[in-house]
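Input: one structure, supplied below.
Naming follows writing order (A, B, C, D and E), and every chain is counted from residue 1.
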Amino acid sequence: MLAALLVLAFLGVWQAYTSIGGPGELILPSPLQIGEALIDDRDLLWDDFLVTATEVGLGVLCALVVGFVAAVALHRSPLLRRATYPLLVGSQAVPIVVLAPLLVFWLGFGLGPKLAIITIICFFPVAVTTLDALDRTDPDRRKLLRTLGASPRQVFWWAEAPAAAPAALSGARIAVAIAVIGAVLAEDSGSNSGLGHLLKQSNGQLETARAWAAVVVLAAFAVTLFYALVLAERRLLPWAARPGGSPR
Amino acid sequence: MLAALLVLAFLGVWQAYTSIGGPGELILPSPLQIGEALIDDRDLLWDDFLVTATEVGLGVLCALVVGFVAAVALHRSPLLRRATYPLLVGSQAVPIVVLAPLLVFWLGFGLGPKLAIITIICFFPVAVTTLDALDRTDPDRRKLLRTLGASPRQVFWWAEAPAAAPAALSGARIAVAIAVIGAVLAEDSGSNSGLGHLLKQSNGQLETARAWAAVVVLAAFAVTLFYALVLAERRLLPWAARPGGSPR
Amino acid sequence: GSKEDDIAGTPQTQKLTLMLDYFPNADHAGIYAAQASGAFAKVGLDVDIQTPSDPSAPLKLVEAGRADLAISYEPELLLARDKGAKLVAVGAIVNKPLTSLMALGKEKITRVEDLRGKTVGTAGIPYQAAYLKTILEEAGVPPEDVKTVDVGFNLVPAMISGKVDATLGAFWNYEGTQLQREKKDPDIIRMETVGVPTYDELVVVASEETTKDRGALVRRFFQALRQGTEQVRADPAAGVTPLLKANPDLDRGLQEAVVRKTLPVFFPADDEDPFGYMDPSQWRAYGRWMLDRGLITKEIDPTSLTNEFLPGAPIGNEREGLD
Amino acid sequence: MTTRSDAGAQTPTATGAPGGPGAVRLDGVAFAHRPRRGGPVPAVDGLSLHAAPGEVVALVGPSGCGKTTLLELVCGLVAPDAGTVAADPAVLMPQRDQLLPWLTALDNAALGPRLAGVGRDAARTAARPLFERFGLAGFEQARPDELSGGMRQRVAFLRTLLAGRPVLCLDEPFAALDALTREELRAWLAGALATEPRTVLLVTHDVEEAAVLADRVLVLSPRPARVIAEVAVDAPRPRTGTDPAVLEVRSAVLEALR
Amino acid sequence: MTTRSDAGAQTPTATGAPGGPGAVRLDGVAFAHRPRRGGPVPAVDGLSLHAAPGEVVALVGPSGCGKTTLLELVCGLVAPDAGTVAADPAVLMPQRDQLLPWLTALDNAALGPRLAGVGRDAARTAARPLFERFGLAGFEQARPDELSGGMRQRVAFLRTLLAGRPVLCLDEPFAALDALTREELRAWLAGALATEPRTVLLVTHDVEEAAVLADRVLVLSPRPARVIAEVAVDAPRPRTGTDPAVLEVRSAVLEALR
């Protein structure tokens, strides 16, 4: 309740700021103008949302798989870690502008390069948090499982993976939140639809209210994905849930 | 040693790929061409690097502070969490294109908007990992400290903060790795120097090898920052270091 | 170029990937009109229109063979050729510079001289920085009297927020129309009027290989594109409809206004010239300017452009070569 | 003395008890754990316990009967579902030592003074002699995971003593120690309490230990815990396990437990 | 039987001992911990220990002398710096229970069979009767942090028994249990070993417990651990704490410890 009031207050201040000066609606529309755009352009937003949602959904899946697999591989093999971890870190410094033509060359103009871009952007938080958590596994726990007859694979599944799961899910939540912006960047090239495309077109046409409406949809989508993972965590890792049960 | 060989093999494959076909040097130069550009343009790269390094350094500092403070605040106040956490998540979905004009309006063309962009991009992993780790503090530890007479603030500094520190540093390492690309995005507007600016210019002039040389410098910088934090963690949190001591 | 094929005996449909220079907009109205009216299909082309990640990507992807044709800019093409790219301009779709110096009415910048002591926003493109220098020199304004700042693609917002007094890089047909519609009363100075040699802002680019082996493809493309562009000229309102249909996020009012304004430069100034005609002597002059400014390293090559695939153009380049 | 009744907030305890610092008073207290699945688990029910300042009360009872829960109630870490809890500031020595992994053994022991505002060096100086007294010399700089089980327990014991609170809640303080070390620590504790009395609630499975150290031994029922017998130990101190009075108390308690 | 000598890899143990499954043989073993700061801490030095299959050997010694380290050597979790360790597959019951927080109490107990490839339901079915036998009925679905200290220890004990390995290394298995429960479990263990013999290395601080359960009691020196006395227990089973032979062993061991 109080939380809703705080959010309303935030919107109120914004509205007031735009009406008494502010940078003008071409740069920052008021919440009411954005709301209007949301309603007027709902068909357009919905169609583009479906496109972007598909990209994000598939991209996040790829990113999670790549992130987890990378973390496990680097955790298992110190050699691999020394050789490839710096490259993975470095991959985060490669801007889309130099990457995009290469991806188009390799993967064509379809969904391929978009998924690749989302994956490159999103796998990293998952890989880092998961790897760190795997490294932090209590060595005594590993020892215990070995005396109980566990193979290295079993040690992983019974002790290391569950212990690393909460941190991995922190990484996954970061990933889903930034996947949306990843899709926007990915739609820079080779797309004729999607919220990112809409956003840039609207921005280019000074339809700023519509651009912000697209931002609102994107943000709502990111928040939804984020909290969906919070809920999933409660179900998947009941033992890790805080007794207080306060939402993350 | 073996790791160095693996990296060399990677470069070798790349070199071979570019010489027997590949997408052409306008899209993907060979390692040798990039190396040449690194040497030929070293003065240019160095000057621009200094600019970008300043932005990244200050931006990362801001991001770390904002991320930690946000995590602590949301951890302390469930009300604040309900009201603002979704907004923080949503902030990750706001693309630079709509943000940049606003930041320029507020902060002009100087360092201000660049720090703001880097902060917005980088605070998030820090905030999420730190908040999650704070939430996961063992309640028994909290209880113990209270019976020892600790105030809530002392419980935080003596029990919660150290317990959350390793996860927070995971987040910080993600943050420094992506700060570099944040600077590149930030230099898209309102800058006349910096590696991002150089990269954009070189790319626009089809000086692809120089653009990739800038990418190499950026990546090396990201990797350096990342491993600097790994070393810092060993010093700051000796109790959290793995006995094996394998590099993270 | 190969001359064996002609359009009359239309063979089976061929796929053609066309990369735009930027997001779809009014400059591309003729392309979408050709697409929608079936002009491309009639010449046996199945055109796949793609947008690039940044304006340099189309040339790279044509060079790499991932796109058959790309829309680019004359200066960009000359830069690419200077870098050794085997690319050729095969026709213009806008025959004049669009890049302009622009300022909001309230800034009272109507002449280049008015820039003295002002801040100019640029898109961070080196040859446009050279434009600014050229026009300032031409007007006798010392370049150090003008502050420049690279605002990326935020030219219009930078003006609106009052952080720059003028910009160099916005298109008179697009941003100019936009600002007029927003009642910002822009003052626009076109480059070719203040000392920059004229050039073809938007050109269609193909690889040398394509011009050698698949000239018919290009020829058919231009034939259809002329039909599409003529439909737009005949009825601009109806002409932009296909563009809007394909890109529902575009605003009809704005795009139609832009198209009306751009119509004159969609066609060569001289009616004698075929659609898409590029004037080699103008190219030569512009190339020399680029060389003088240190933007390129050598005189441009006559094979940088060819008009041989244009509708109504004689086969071959003999009409008026560069030399 | 702070009073907490049902539905009271889980505030830390405060000082200032009538009748001297160290009084503990539980009246008709009930508490049930609420596990994540399944119904509530009543751990304490209708339990009353009064300890005068300076008194040593031993609590014995079957495993899982609610002893740890009882100490948490006394320390104000959980609020009772019914009844009232009034206790002076109490420090808990938990069953699992709960040493902080980021502090050295010495700093763990000196935690109480540090939290009370004593400077780092002063706190360490205060802890060091006891460290040696307890056979931990040479391990001041060791991290908790570099200590043996019994060493950890001794550090935790030290931390509890140094916290300087009027009430000590000791949850099996000597369970991980060998017979000799245990006896030594017991003797030390008895001596320390003689010179500087504190109220002690001692949970132990070692009935002999209870008889040697306590003024009174309370026998608790199986879950939920209630006091089912109270045995006073009327023997002069220092006592040993072979004193007749101690043996007598021992058999009385064992009898009550059965 | 797997042999590990100095600098040997820390491989898990393997089966196939000459002389029946369950033999343990340590000869002149030395091991020093290497803490993060400071020099090495010798925990075991020149220690030899032979246990025949089916034998129950109790280990007593002062806190911190190296008992836990010794069990880790036997289980192959650390490699000796010198000497040889040869032991059949041994399962460890650690001093701190190490229950897995993501498994229920029942699943923790049934972990050994699960790891050996037994299906979930079959493993649970195998564990359930013992669960009840050990007074844990009703807590099958509880998570470890919802159990009392003694309940956790019982679950860990159960997990160790169910692992089905020829050698059991028990590190203070009953330290957190009250006298009655402890006696019950002891009796149960003695009975179980009688019907199905296993080699047991029992670390305990309770000398009586050592005397009641073991065939032999080894007394270890203070750190670094060496065997300083060996007391054989020649009394028929079942024994109780008041058997004269047990009392005799008890005082002999206490004497050796002093």
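Definition applied: a contact is a pair of C-beta atoms (placed from the backbone, for glycine too) under 8 Å apart; a residue touches a chain by one contact, two chains touch by 3 or more.
For clarity, every value in this text was computed on a predicted model and none was experimentally measured.
Asker: Output the touching-based chain groups remaining when chain A is disregarded and all other chains stay put.
Answerer: Apart from chain A, the chains cluster as one piece.
Asker: With a step meaning a move to a chain it touches, how many steps does the shortest path from chain C to chain E take?
Answerer: Minimal hop count between chain C and chain E: 2.
Asker: Can you identify which chains form the pair with the largest number of contacting C-beta pairs?
Answerer: Top-ranked chain pair by contacting C-beta pairs: A-B.
Asker: On a C-alpha centroid basis, what's the spacing between chain A and chain D, in Å?
Answerer: That gives a centre separation of 49 Å.
Asker: Can you work out the whole-Å distance between the CA centroids of chain A and chain C?
Answerer: The separation of the two C-alpha centroids amounts to 37 Å.
Asker: Which chain D residues touch at least two other chains?
Answerer: As it turns out, chain D has residues touching two or more other chains at 36, 96, 143.
Asker: Listing for chain C: what residues touch at least two other chains?
Answerer: In chain C, 54, 60-61, 64, 66, 157, 160-161 touch at least two other chains.
Asker: Which residues belonging to chain B are in contact with no fewer than two other chains?
Answerer: 23, 27, 97, 101, 105, 200, 203, 208, 240, 243
Asker: Help me check something: in the complex, which residues belonging to chain B touch chain A?
Answerer: Spelled out, the residues of chain B in touch with chain A are 2-4, 6-7, 10, 23, 27-28, 78-87, 89-95, 97-98, 101-102, 105-106, 124-125, 128-129, 131-133, 135-136, 139, 166-167, 170-171, 173-174, 177-178, 180-181, 184-185, 196, 199-200, 203, 208, 211-212, 215, 218-223, 226-227, 240, 242-243, 246-248.
Asker: Which residues of chain E touch chain D in the complex?
Answerer: Contact set of chain E toward chain D: 33, 35-38, 41, 60-64, 67-68, 95-96, 135, 141-143, 146-151, 154, 171-172, 175-182, 205-207, 254, 257-258.
Asker: Report the residues of chain C in contact with chain B in the complex, numbered from low to high.
Answerer: Against chain B, the touching part of chain C is residues 54-56, 59-61, 63-64, 66, 76, 79-80, 83, 85, 124-126, 148-154, 157-158, 160-161, 163.
Asker: For chain B, which residues count as touching chain C in their complex?
Answerer: 23-24, 26-27, 97, 100-101, 104-105, 108-109, 188-192, 197, 200-201, 203-208
Asker: Would you tell me which residues of chain D are touching chain B in their complex?
Answerer: That would be residues 12-13, 72, 75-77, 89-92, 94, 96, 98, 100-102, 111-112, 115-116, 143, 159, 163, 165, 169 of chain D.
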